[in-house]
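Shared between the two complexes below is chain A, which pairs with chain B and chain C, respectively.
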Partner chain A sequence: MSASLAPECNDVKERYDTCFLKWYSEKYLRGAEKNSQECAGLFAEYQKCLKVALKDRGIDKLLDEAREDNKENDVRLLSPKNN
Partner chain B sequence: MKVFSNAVTYNYSWDEVSTANWQKYGPWNNKSEHVVAVDTLSRSVDPATGILRTERLISCKQSAPEWMKSLMGGSLDDHFVYEASYVDPANKTLTMVSQNLTWNNLVSVQEEVVYSPLTDHQTQFIQSARITALCGGWQRIKNSIEDTLVNRFRENAVKGKEGFERVLEMSRIVFAEEKARQHRETMLVQ
Partner chain C sequence: MVLTHSTSHTYSHPFPTVTLAFFLRYCSPRLNPFATHVLSTDTISSHVDPKTNRLHTTRLHLKKSRMPAAVYKLLPASVTGGGTSGEKVAYVLETSVVDIKEGWMRSESKNLNFSAVLSVTEQQEFLVPTDNASLETNVNTSLVFRSRIGEKIRGKIGQAQSEGWLYGLASGLGARGIGRSIESLASTKTKDQLGKSRDGMRHVLERIRNTGVIDILEAIRRERQLGKA
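For the complex of A and B:
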């Protein structure tokens, strides 16, 4: 797995990434489960660590702007396809 | 504005490619030194469509040409990219859109990548990037900035394919080993 931009978050990030990858390949792609409840705890822990790092570096504000710009993509790519 | 386009066929199923994609910048990839970190910012499955939406922050370090550094000032080498991806398991498509988070007052880079099945054992990767220099002033400078970034995309695309091929190969080996291990465990239990 790749590293986190915040070294202090690396450990929990790696545990979350491993959990997600297992869920994605074994459950999600097989249509078994819509949401990865089994990884939710690890994700919350990882986000708690990461949010501090993003704020400290001022990246949180840049992300807010990017999300705003990306809204059109969300509309286009989250809509159901008819093919 | 300049456009960079690229298409690659991988001899792996879409399931394999879309799974390995999450590990693209991990230790198996020895051609992605410019990506120093990948962080997941949010992740959710749309209950109506089953589409998995993920937001990631990609942290990069790649040295910029000296003339661009002196023009823009500061540490141009470090930059951040925001990526939103959408996995549609029903239609077997993975679409990733990304934009630069830093230096975006000077240049806008918008990239879109789509992975979709070509056959049961082959997946097509289609990439396009739109690069627009936004700084006022001479057209020649704008053109140079855009050309430099198009060349960077071209170089990274070659490395990206080589690196991802290796990730796909390793991923298949590890998956086969894991399956064999699970099989042995099942046999022991019985």
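For the complex of A and C:
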């Protein structure tokens, strides 16, 4: 799996990615399950590690700015299929 | 000052496989030898909307900068942060939504840093073709290049001219000209990269077709174990 930007988060990131990809390919794509709860614990652990790393590197501020822009983006991504 | 570029493509793989390849495409250099410029990939958020059953994902990629060296040469260190183009790392935010029932996926990627110098936004839409059973997937890609360098440095130009770095350049191009040059240089380079990105997706798609995703995950895990040893 590709690395995390924070090497200290690599292990938990890898476990989460593996969980997600299995859930995505075996359940979501087959319409079998509505939520990825089975990966929720790993995701929380991964985010706990990542949040610290993003803050340390000042990336959290860049993300906040982008989130503002993304409000417009959401409108496009969620608009009804138009072709 | 905006430049746009649009292109369409058809993958000879079914839609679910293409969306899986989208999530897997930066997994490992062995899986995708066309993505060696991707330094890291992190998931920021991921959830399924319980009403629509759509999967919403936000990821942050760190990539070795693709901004051409010529662009850096046009700019003062006060704008680029100094250093050579080879040392630059771009933070790219990717948002995506998959609707497996309706058969579409949309994504948007854009750079978070240097966005005052040059903002590149890539939008992709993956669709099940209407006239096809489900063996192919169409993808429409659009790229928007926007440089705000003209606005940003117009105020600095007087000072820059007196300091000498903009001498000759400013007289020939002016701030608007610099912005336009950045857009056109970057778009030429990024369009070259589009072909590579497609090759990368095709490579991942072939692997999924040949070995399946579980074998891919297992191979990546072994690769990492070897890397650690």
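What to note about this one:
Everything that follows uses one rule, which is that the second predicted complex is superposed on the first by the 78 of 83 C-alpha atoms of A that agree within 3 Å, B and C clash if a C-alpha of one lies under 4 Å from a C-alpha of the other, contacts with A are read in each partner's own complex, and residues count from 1 in each chain.
Note that in this section contacts are C-beta pairs under 8 Å (C-beta built on N, C-alpha and C of every residue); 3 or more make two chains touch, one makes a residue touch a chain.
All of these numbers come straight from a predicted model, not from anything done at the bench.
Annotation: superposed three-chain arrangement on chain A; chain B versus chain C shows a clash. Contacts of A:Ala66 after superposition: both chain B and chain C are touched. In the superposition on chain A, A:Thr18 makes contact with chain C only, while chain B stays out of contact range.
Legend: residue contacts after superposition of the two complexes on their common chain; A:Gly31 is shown touching both chain B and chain C.
By the touch criterion defined above, A:Ser2 lies against chain B and chain C together after alignment on the C-alpha atoms of chain A. In the superposition on chain A, chain A positions 1-6, 9, 13, 16-17, 20-21, 24-25, 28-29, 31, 34-36, 43, 46, 50, 59, 62-63, 66, 70, 73, 77-78, 81, 83 are in contact with chain B in one complex as well as with chain C in the other. Within the complex formed with chain B, the residues of chain A that make contact are 1-6, 9, 13, 16-17, 20-21, 24-25, 28-29, 31, 34-36, 43, 46, 50, 54, 59, 62-63, 66-67, 69-70, 73-74, 77-81, 83.
Residues 1-6, 9, 13-14, 16-18, 20-22, 24-25, 28-29, 31, 34-36, 43, 46, 50, 59, 62-63, 65-66, 70, 73, 76-78, 81, 83 of chain A touch chain C in their complex. Residue ranges of chain C in contact with chain A, taken from their complex: 16, 19-20, 23-24, 26-28, 38-44, 46-48, 50, 53, 55, 60, 62, 91, 93, 95-98, 100-102, 104, 106, 108, 110, 112-113, 123, 127, 213-214, 217, 220-221, 224.
Residues of chain B that touch chain A in their complex: 15, 18-19, 22-23, 25-27, 35-41, 43-53, 55, 57, 59, 80, 82, 84, 86-91, 95, 97, 99, 101-102, 175.
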